[in-house]
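Please find the structures below.
Look for chain A in each of the two complexes below; its partner is chain B in the first and chain C in the second.
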Partner chain A sequence: MRRLTESQYRATIADVFAPDVPIAGRFERAQRADGLIAVGSSVGGMSAFGFEQYDASARGIAAEVTGEKRRAQFVPCQPKSANAFDAACATKFVDTYGLKLFRRPLARDERARFVGVAKAAQARLGGFYQGLEYALVGMLQSPHFLLRMERTEPDPQHRGALRLDAWSKATRLSYFLTNSTPDAELLRAAGAGELDTDQGLARQVDRLIASPKLEAAVRAFFWDMLQFDGFNDLFKDPVIYPAYNSSVARDAQEQTLRTIVSLLVTERGDYRDLFTTRKTWLTRPLGIVYRMPVATRNGWEQAEYPAYSNRSGILTDISMLALHSHPGRSSATLRGKSLREVFLCQHVPDPPANVNFTAVDQVSRPGSTARMRLAEHNDNPVCAGCHKLTDPIGLTLENFDGSGGFRAKENGAELDLKGMLDGATFAGAPGLGQTMHDNPNVPICLVDKLYRSAVGREVVDAEGPYLDYLATTFGASGYRVPELMRAIALSKTFYAVALPAVPAKTQTAAAARKGDRS
Partner chain B sequence: MERNREGMRRVGQRLMGPGAIALMGLALASVPSQRAVRAAAPPPVPAAPTPEVLREVFHNGEAGFVVTEIAYALGPDAKGSGSCPAGMSRGIRDLIKAYKDSPDGQRRTDEAEQAYERRVGMAVHAGAGGQNLCMHPELAGPDPLWRMVSGADVRVDGIDLDGQDSAPGKRPAAGTCGHQDFQGTHGERGIDNQFYRVVGCVPGFQSTGQANGWQTEMYTGSWGILISLKGVDDLRNDPDVQVGIYANADPIQLSAARAALPYATYAIDQDPRFRAVAHGRIVDGVLTIDPVDIRLHNIVNSMKDERVLRDARLRLTFTADGGMEGFLAGYTPVDDMYNLQFGSRQSRTAKGDLAPERIRIQVSQGREDAFGHTCTGVYHALQQAADGLRDPATGRCTGISTQYRIRIAPAFVVDTPTKSVNAPLAAR
Partner chain C sequence: MTKLTRRTILRGAVNGAAVGVALPFLDLFLDGNGEALAATGQRLPVRFGTWIWGCGFIPERWIPATEGADYVMPPDLEPMAPYRKQMAILSGFDVKLDGVANKPHMTGNFGLRTGIPVPGETATAPTIDVLIGEQIGQGARFRSIELSASGIERSYSFRGAGSPNPSETSPVALYQRIFGEGFQDPNAGTFAPDPRTMVRQSVLSAVTEDRQKLARSLGAADRARLDEYFTSVRQLEQQLELQLQPPAKVENFTMPSAPAKTVVDADVEHVMVNHKLMAGLLAQALACNQTRVFNMLFSDTASNLRRSASSDTHHTLTHEEPVDPKLGYQQQVAWFAAKSMVACRDFVDALARIKEGAGTLLDNTLLLAHSDCSIAKSHAVEGIPMMVIGGGGGRIRTGFHKAGRADPVSRVGLSLQQAMGLQVERWGTKSMDTNRTVTELVA
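Moving on to the complex of A and B:
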């Protein structure tokens, strides 16, 4: 069971209804587990506030869909009478949106319940469409919509074993490859049993991989992997970084995502080139920080970091540099830590509670650089252990300030940009980018994260050989991410039943006792 | 990109001289120029930019800038400087007071307050035929109580526009009329600034007055000015530089503290009337240009005017942040100056129509009240002080020398059509 993320909720509503249907509620802060919200969505709870917001969204969406202005667009039938309840039309409405929202056909009792809500609401409020509105509110508040509940069925090929039912397969596949709800064709294939055959599954996987919606899935995964939700808490001192503002924060994320999509999806390029490419995208607010011209006044244009800019790859994007810095200064430590955790799947411990930051906080000392300050700080052996992991990487990015802007010197002092990673020595951001490009652990980490994102859980020991196989496949494909996604989507491991699940047409004992009114 | 880098390296080398790149700042700041030697005490040269800064400002010998500060270059305040020995000019409030003190200006026993104020307003703002005097300043004669700057030792910085140290009785330069030039604060001679002479004794044009704050609208994004340099091979001495001065089609980009941000991109106004290109040169780190006619936007209270400078010159020097500072000067047609700064006779709406007369009168009279002048007084003073754009037919000068002090910041100047996302709303 996984809770829809904010981007999945928004994409689902847009696909089921229309992109301009407003979503009024706010979303709870997503829970990140072991580096991924995709994994956290399997384990997080739901607060009363969070449910209130879902309620607000449901009421707004239902009012828009059934309101006089747009009901002809969304309601698939017209009531026969203005006054009498039209059960057939209400059933058609409930069936249509029940399938799309629950990602499976409604059970008979579910259908009867939502039609009953429509009838009762019409009786109280007087109008057929008000009845439909409340039935839709109920569906949008249901855990069967808000949570991706997977169901199992007996596996005919493995006696005594369970497998995901076709609707659950379709859902898992769709959110992995499109970050949204299954489309009509995928639901049809699920209903026809095609997803239970290798051929039928491959046809759907290839269709979705080729569809424009793959971009949304790649965006969602990298937004999660790069921890861009951190921008919600990011603050920069406007006196120190006057060009950094909310537009820059917004566009910086989009810039990196556009670079990723362009290289990985549009060009079907090598994942490792993300660390060396100088191709990028810019808006005018970003151009001020990068000190690059942007002719387009409102919108995006492709650009290329100049060779002399010392920028290369997404590690030198504002998004990465600013996100992993302090409000008023850069941070070689935070940058090194994030690089190890995000791209190399390594864990760097948090600092001890009693650490003395005096040396590193004296940032304005004339002639001092971060390297000098960290050297003083690391006199403490308690600190030095972790800083050895982070600083030799992060210090190579020191000619970018805390907002991502370029600086040739710090406090008037020349910058020593030499660094080291896993035994490889290099200098500056281009050197770091090339080292990351050549580091064999970088693609292995991506495989690990993409798979964990796909299945929404931690990897179990038994899956080690499978991940090795995926890494080999990834390398053989030239590190093409869509090929990796295809390999995952076609594998039996992806659809394996890993957690206790509720078999289709059965109820847990607890649910049976409560009468499962969800 | 490599070409850019090479071009910048070339510029840097020529600027600093071979092997002296690191000393470039010192060189700009310390080597006296031929011109400076002539002056008694050369004006201080701003700290020069470092090579790292110049590398970001110049690409292939080209650079762009946005004007971040602009204001009339005025001399010292009247108080304490002796610039207005006959006192300050009479303003509209003085006129109102004088009228109210006169027998005709007394409030009548049965006269309502509103009617009385209307009668006073008509008495001071309307001519004999009832026309508003801000809209028709020519209907009244020169104001005998208008005062011009006449102190003997008033120092004003700026540019020598006519190439000579003019003085009454001395043969004026070609195309100009006789006038008294100012001397700069560092002893430079021949500075033409008749606009200051006209307004220097008006309260609103003192340093604490409101009249010189019109760049506020630039900071709201209503208008702006761009400057481009091309063909720069040597930032210290280059005899052949192309200088563009344009209206900015984009709003200025500001920080949260409302300071102009460097390195933003701006587009040149697509209307050719708002584009000027001049030949220029750099001598000892000082950029100057040959005379060129300039037309810029000016928007106040949502009404559009045009700020015109004929035979305009620039004199700019680099600052440490990669920007430049100095003077923009030229001759403003007297009628344009009056319309722009005092009586909004030609102000237009955003759509280009002549703004409603009621609003133009309100703005003009509001300026009289805020600045402390009279429309008729300043109109005739401008005519009287005009020193340039001499009409060969009449022999009268139709332009007044005007100096602006400006600062410019590095920017990217692009020549591409641009429009606001709100353009459809504005067109309604």
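Moving on to the complex of A and C:
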């Protein structure tokens, strides 16, 4: 049972009604489980605050949809009389939006319940549309809308076994491939039983993979994987980083997501090229930090990091560099740690309790660099275990400061940008990007994360061979992410009802089998 | 026989059109927790809250040298001196790890708040504010209000594993939530229930109608999640019930005006401003029964507070600032530790400013102020500093320093629950499992 994420809720309301229907409520911060909100959405609870805000959104949406200005657009019929309750029209309204919001037809008692709400509300408030308004409020507050409740039915091909019913299949498929609710065609196919045949399912998968909505799904996945919710409480010191402001923070995330969408969706490019491409997108606020001219006054333009800029790939985007830094300085450790966790699916342990960090004191000491300060860690065996995992990666990004701006020196000292990752040695950000590009664990980790995001849970050991198969398929496709999504969406595993019995350990199966326990 | 509730009386009144009369004060409607009486004749409810500051303290500058009432106020605690009679200083109480990995800035904090040391970033049991809220929080508009002053969207109030109660981070949003739509001015004089409120009640009844059927179709974990959903729906139902009643009059209440927009970030000077604004709004909300339970996170447990133009945060300083050889302690860390006590005073000031009955809101509040660790440099969870502040409606004794002598910190949590009327004999797990009340705290 997965809860709609904020972006799914927004997309769903936009698709069911219209993109300009306002959402008044706020959203409680999503919980992460093992690095993904998509997994956390299967386990987290709903606070009183969260429901209170859903209530505010529901009332705002319902008032807009049934209000005088827009009811002709949204209400599929007109009441026969201004005063008497029109049960037929109310039923039509409830059926129409019940199907779209619950992602399945309403049961008879559900329909009666919401029509009953409309009737009672009209009796109390006087107007037919006010009745509809509150019926809609109820549907928008229902657990059947807010939570993705799946239903099973006997599987005719396997006696005694269960399978997802067609509506639940459509829902899984739709949120995975469009990050939104099933569209009319998918609902039609579900109702017609087409999703229960391989051919019918493939037709819908191909249609959605080809649709412009795939972009939204890719965006949502990478926003989650790159942990951009961290920007909600990321602050930079305005004295130290005067160019960094809320426009930069907002645009920096969008820049990276645009690069991702352009390469992976528009160009159907190779996932690994994300770490080496110099093609990017810029706005004027970003241009100030990048020190690149941006002709477009308001909005986005395509750009390319110059070869001399030391930037290549999304690891050198402001978003990644600033997110994994302190408010007033860069952090080779945080950058290295996030790179391992986000892109390599490895776990870097916390610093042990009772550590003396004073060795890394006095950041602005003349002639001191992060490498010198962190060297103290590596001389201390307690610290070295983990810092050897993080720092040799992060130090190669040291000519970017805590806001992502370029610097040739730190505290007047030359920077040594040599680094190492899983045995490969290199220097600087371009070297790091190429090393990541060539690291076989990078695409394996993506497969792991994309699959976990698709199914909203941890991988279990029994799924290991399946993930191997997916990784092979991904490689054979030239590391095309839409092809990987297609393979997942067509697989039986994706629609499985009962999980294989063995629960996963903290390490994901794919990573464990590749032997990169850290 | 029909159950007599305020709501059924009122429904009769509403249907009969005669509303706007003040309801008689009936004992039946109260949960029996009130002690003091306000001038309006209403019993004054008791409130409970927590106030967290991150990164501990410098023990020799915070722990009084002697126990009892006549201690000399230590320098970093000096800002709290005006409240020495209304606070109990608790030092030397430990979170016992029992072999659990000490997740920095998490394990001590959750251990103190749940009696269970956890190795990660989520509690595994309800935190003490939630437990106490179940006892005293009924009948208010919000089950609890969570606040965070340093821009961090985080809260250490948990209903259970993976279920935090999220914090408000901006004074403007806090004001909107409490004093915006749905707020009833208790002293407005006129009262007209909104018929839409009754419609909204019937909507929620419809939404929850198939609860049983739904629960049967789910596995245990999902059923628990669905229960949480229904519990949250229940709060809204209670809010609507309240909106159908004329609000009880509140002496000295004036509707606060909306705060101007402020900069929300971790610059300590901005944090002080936002914290004070939020404390003031919260105190007003407590005074007029919007909530009886609250949690303020002044600074996150790995405190991100920083001074303008500094490349360090409070947290990084605790680890990296060298001990000043002349002073014998980390000078900048001490600055933040003392600043945290100034903030604590600001918070208590806000409660003490509100007159209530013969005393103040502070007299009817029990506030537990605590940090996540003692010496932040080493993430030590032994001797986490705590203060119990306020009168708790006459149920708590203060005005002294008590050293815990390495006793489990759960003794304090147990005592506070007992003071708030919970029937609980023991609390905590393993080495923190205790049935020993801190008798000095009990009035």
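In this text, the second predicted complex is superposed on the first by the 493 of 518 C-alpha atoms of A that agree within 3 Å, B and C clash if a C-alpha of one lies under 4 Å from a C-alpha of the other, contacts with A are read in each partner's own complex, and residues count from 1 in each chain.
Assume a contact is a pair of C-beta atoms (placed from the backbone, for glycine too) under 8 Å apart; a residue touches a chain by one contact, two chains touch by 3 or more.
Fair warning: this is a prediction, and the values are worked out from it, not measured in the lab.
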item	value
Partner chain in contact with A:239 - chain B first, chain C second, else both or neither	both
Dominant contact partner of chain A by residue count, chain C or chain B	C
Contacts of A:116 with chain B and chain C, given as first, second, both or neither	second
Touching partner for A:326 - first (chain B), second (chain C), both, neither	second
First (chain B), second (chain C), both or neither touched by A:28	second
Chain B versus chain C as contact partner of A:392, first or second or both or neither	neither
Contacts of A:428 with chain B and chain C, given as first, second, both or neither	neither
Overlapping contact positions on chain A, where the chain C interface meets the chain B interface	238-239
Parts of chain A lying in touch with chain B, wherever the complex brings them together	238-239, 242-243, 245, 284-285, 287-288, 291-295, 297-298, 304, 306-308, 408-409
Residues of chain A that touch chain C when the two form their complex	1, 26, 28-29, 31, 33, 40, 43-52, 55-56, 109-110, 113-114, 116-117, 120-121, 124-125, 134, 137-138, 141-143, 146-147, 149, 151, 232-233, 235, 237-240, 326-329, 350-351, 353-358, 360-364, 402
Of chain B, residues touching chain A in the complex	1-2, 4-5, 52, 55-56, 250, 253, 255-257, 259, 261-265, 267, 412, 414, 416, 418-421
Partner chain A, residues of chain C touching it in the complex	102-104, 142-144, 146, 151-154, 159-160, 162-166, 169, 173, 181, 195-196, 198-200, 202-204, 206-207, 209-210, 214, 217-218, 221-222, 225-226, 228-229, 231-233, 235-236, 239, 265-267, 304, 306, 308-313, 316, 319-323, 377-380
